[in-house]
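Below are two complexes that have chain A in common, paired first with chain B and then with chain C.
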Partner chain A sequence: MNAIGDTDQTTATPLAERRPILTARDLVKEFDVGGATLHAVNDVNFTIRQGEIVGMVGESGSGKSTIGRLVLSLLKQTSGDVTFDGENLASLSDKALRALRARMQIVFQDPWSALNPRMSVGRQIGEPLLLHTNLSRSERRQRVERLAERVRLPAKFLSRTPAELSGGQLQRVCIARAIATEPELVVLDEPTSSLDLSVRAGILELLAELRRELGVAMLFISHDLGTVKLISDRIIVLYLGTIVEEGPASLVFGAPAHPYTQALMSAHLPPNPRAPLKRHVLEGEVPSPINLPKGCRFASRCPVALPECSDSLPPLVATGEEDRRAACIRIADGGNRLNL
Partner chain B sequence: MTLLAIDNLETDFVSRTLDDEIRVAHALNKVSFEVNRGEIVGLVGETGAGKSLTAQSVLGLLRAPARVVGGEAVFDGRDLLTLPPAEMNELRGYEIGLVVQNPRTSLDPLCRIGDQLVRMQRAHRPVNGRVARKKAVDMLAAVGIPEPERRMRAWPHELSGGMAQRVLMAMALINEPRLLIADEPTTGLDVTVQAAILDLLRQIVLERSMGALIITHDLGVVAHYCERVAVMFAGSIVEEGTVDAVFETPSHPYTRALLSATPERLKLGSGRQLGGPPPDLYNLPIGCHYRDRCERVRDICTTPPPATDLGEGHRVQCHFAKDLEGQPL
Partner chain C sequence: MTDTAVATPRRRNVLTSRIKGLARRSPTAAVGFAIVGLFALGGIFAPLITPYDPVHSFPREILVDPGSTFWFGTDGNGMDIFSRVIFGARYAFAIAVPAVLLSLVIGVPLGLWVGYVGGALDEVTMRVLDALRVFPSIILALAVVAAAGPSVLNVVLVIGVLDSPIFARVVRAEVLALRSSTMVEAAKAAGNPTWRIVMVHLLPNAIQGAMAQSAVRAAWAIRISAALAFLGVGIQVPTPEWGVMIRQGAEFMVTGQWWVALFPGVALMILMLGLNMLGDGMQDLLNPRRRG
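And now, the complex of A and B:
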């Protein structure tokens, strides 16, 4: 293992050729809700490569956070597999899984509830080291100080409790704690949504730097399209627990293929009054995940849906451009374009 | 035509320490701006800048230790800040509608949606029950709620976030107010729902030639839905003007930092420091309140910055406003 900050991965292999660090195969998660079954995640397949930042977007209830927890085995899937660096998480013993957790970490949306209010932030940053390493107390303290420096948290804050820190500083604490054991994957679930714009900018800056210098892969879950576009290499778009489109960030944002992605992107408001808005406001509500539509999940709201869209679920297939996949039968006949 | 004119509004937090010392925080410092008929004004700034406090001060919703200590807020020829509580109650919810941030906590959980809308009307005027219900149904339809008749019988917990926010909008609009104040009306909503609600708001403002004040930290919302914008920092309006002027030629260093921090303009790896802690309201820096965070700070910044008028209502409180005007971010 390299010491923190000692490596620069910018000159490493291109992303597409790197080894997958995480693979989700046919991932399904169902919740039992008072006798009925809620289909939160439906047959989701994706890969995250070493050092890659994958942005996951979709609206509330699309299954983003559930997937984030499934890939870390914080939630047990109903069926399907999650493979981390060649190891199938479901086949591991509790002990082996616990050891593996040093290599995959998570940062939550709300740093206030993610930290223990009665423990100093320094001790909380050091906890993963206590659990996963044999470092002595003084070695841990040194390491915590270096981590604080790494996330630009002044050392004087380490002895303080969370209540004495601002939201941005607390999120830095959470990030320091997440990278303490030099993980290869960090899941970030809306890490900047509760922060002010300038504070958010600082956190994004930090994350980009950590990826560059530590080569850590990230699953960046957010509903903020601007942020996801800025930080991600690849984008996964979810609708009702199903991936509708996946591909390089520039392509998915620049020329979205799936009608839902197009509608989603068109609702984004760039902070520039001159930027033309080609809005397509979706009619109706998202169908209930308890009673999933039979065919394409988006067909009931899709302006270009054909009758056969409701017959069977369209497969996620390559669209021919770069490394993009989309699940829409209208891409083949060119009828997928919304009139924006 | 001016609907609401806030002039030199000052609000303090006054508290007493254990040693019986009186501590005063100047939470709002000479806040002035206007809302005209038929326009939406955006009020932006970071957490703690005083955006919500401005709305609460104007609407007489402050709670101790906050209190208005100066200025006026003239609506329809009357100063809201000195209005007796009974008259304020008459105006609030009737001529001035309010949409607050959290739809979940702003609806009465034990009262069906329809009853809440009827209650809202009857709080101000005696209305025949059938007429009030009819109006409630129409209003729900107007804010884009499908099957409004059925939704009248819904309980708040049965609504999704977007639907609850629409109901709040219906509540604020049902008495056909002339002014609407909306505090983060779309925060926490999905972008597609946000778009629908803002479209609706704009349509209503134009149709009824109302005025609206939107408090938000989303600069995208301001850029596309507001006519004018006021930028707040530490309880002061540091820049205001038309959305085009402020976004195209931002001339206060804080506005410029704010715009540079939006993901669309942010350049990762530039190493530029855009944020910083807000100043201590109990101990504001002398002179410009932004100077401790300002990239351009000079000695002169220890003196109060002048209000510089850059024309067409574009006003900036900075010693260097004229130098910064038109410079690239």
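And now, the complex of A and C:
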């Protein structure tokens, strides 16, 4: 299913046998909103292996961006652990965590606000090198020029300020900054959703190329299924801060198990405009994350829900097919299929 | 940094064309800058421009009408008012520049610090500064200068300290808005230590408002020092300071010698106008998103 990234040099080692670079265990994040507690992320567990691209999908408010910030310790979790290459991030000193940031980077959704408007983009690309390496100024400049070339940003832009560049160019700057120290993990928080459609393809191609050449692991957060499908090895589907399904991209896209995943996939337009549309439009509203339902979080909108679905939270269990897990009690009796 | 290294060596041309661009985009700033520049040059080259020593008294030429010998006339001590007005610019800048610098030195770090740390520190500091601002500053300045003695240094210190909360407030507001921005998050994610986030990423983006304010506050400093001199607690006669001169001239207004107070008054007014125009214009120009 990796339409672009399938000539991966690291495919020598099968994904499942590679060392985990990032592990999130029982991750919980609650926000205090005027006395009430907003449950943004609830007991989330997942692993990203070396060089693996994990696509994280869900509607807005599903907690995907919060997870992106938690795994980089840009936000502090309420409970649970994030382990990066064997190191528990919460146990690190500020200094050790800062040093570790050379190995884990992020690209934000909105490149206009992610860059310092008063610093030349060349300086911003070189900033991680300044912070994490002992390179001399001229060595840094050479590296910055090579990075610019790699993200296809003309070198003449390097001395300019962000206001003088377009959105696509700015996102290339952000990507160059993120890969400057050759990190092992890059979190991409909706890196294309604030860009024009015409610019998007270029950025995606660039990401696929980087993945091929650098073998960097990525957590690709997006609500755009088409984008995620294009680039991911594995998919995590979130609903209200909880993982409802997780598995290889081909399986999750080809035969989604959880009713929510099925509905989500059916809402995505197929590339062929003449293909018959088989959609299931979900009824009702997403429940409030302040007042989470007791049982399955999706039960209130699920067309195949049984009364017992609202009794207790279904565990994320293996479905029997190759490394796929889903949290739906109806998979066991085969009643999880939506009539599309 | 890599900045200068990466940049092309066409700095000078870039600078002149940028100045032209600035003037086109804000005529207000350009006019303000011209007025302030003219006064600054006048002050610097005062000994070359003025026909007489500003504190030299001509005993036979007391209260002479403006004319070809004494362009702006003479005052009650027989001193040339034109020379005194030009030299007065020196005092205006000698008070305004260090006073505003002092305000910046106190206010900007304070605003950065409380804005970034936030919480109780921020609340308490801001309430204390509010309490300070509630006092009419002229009364406070009057009391302090009267107690500490009427010297230029004391006037500068009082004005500089009294005005620093304004800069603290402007910078703090910017820092509050920036603190939770993606830019700061990105700086943190890149591995910046806190001091570098504050100094390299927050300060240059938070100081714009303060820079634009500084021209307006310089006008305020000149006005307060003139007011103190006028009230007799600041700079003393026969120093060629505009406030002192206006005070001297006030007595002669009733007897018809209008020129003694008018010329320093007009000079004061024009310089304040220029500084305010400069401040307003800078406010527009310093917005980086509008640089084109």
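Details
Keep this in mind: the second predicted complex is superposed on the first by the 327 of 340 C-alpha atoms of A that agree within 3 Å, B and C clash if a C-alpha of one lies under 4 Å from a C-alpha of the other, contacts with A are read in each partner's own complex, and residues count from 1 in each chain.
Note that a contact is a pair of C-beta atoms (placed from the backbone, for glycine too) under 8 Å apart; a residue touches a chain by one contact, two chains touch by 3 or more.
Just so we're clear, the structure is a prediction, and the values are computed from it rather than from any experiment.
Superposition of the two complexes onto chain A shows chain B and chain C fitting side by side, with no clash. Of the two partner chains, chain B is the only one touched by A:281; chain C is not. Within the superposed three-chain model, A:105 lies in touch with chain C and out of touch with chain B [touch as defined at top]. Judged by the touch definition given at the top, the superposed model places A:48 against neither chain B nor chain C. Once the two complexes are overlaid on the shared chain, A:179 sits clear of chain B and of chain C alike. In the overlay built on the shared chain, the residue A:264 is in contact with chain B alone; chain C does not reach it. By the touch criterion defined above, A:251 lies against neither chain B nor chain C after alignment on the C-alpha atoms of chain A. By the touch criterion stated above, A:137 is placed in contact with chain C alone, chain B being left untouched. In the superposition on chain A, contact of A:113 is made with chain C only, not with chain B. After the two structures are overlaid on chain A, the closest C-alpha atoms of chain B and chain C sit 7 Å apart.
In the superposition on chain A, the residues of chain A contacted by chain B and by chain C do not overlap at all. The residues of chain C lying in touch with chain A in their complex are 1-3, 5-8, 181-183, 185-193, 196, 200-201, 204-205, 288-289, 291-292.
Looking at the complex, you find that chain A touches chain B at residues 59-60, 166-168, 196-202, 204-205, 208-209, 212, 223-227, 229-231, 263-264, 267-275, 277, 279, 281-282, 284-285. Residues 69, 72, 74, 94, 98-99, 101-102, 105-106, 108, 110, 113-120, 122-123, 126-128, 130-132, 137-138, 140-141, 144, 158-159, 161, 163-164, 174, 177 of chain A are the ones that touch chain C when the two sit in their complex.
Of all residues in chain B, only 46-47, 146, 160-161, 190-196, 199, 217-224, 243-244, 247-248, 257-266, 268-269, 271, 273-277 touch chain A in the complex they form.
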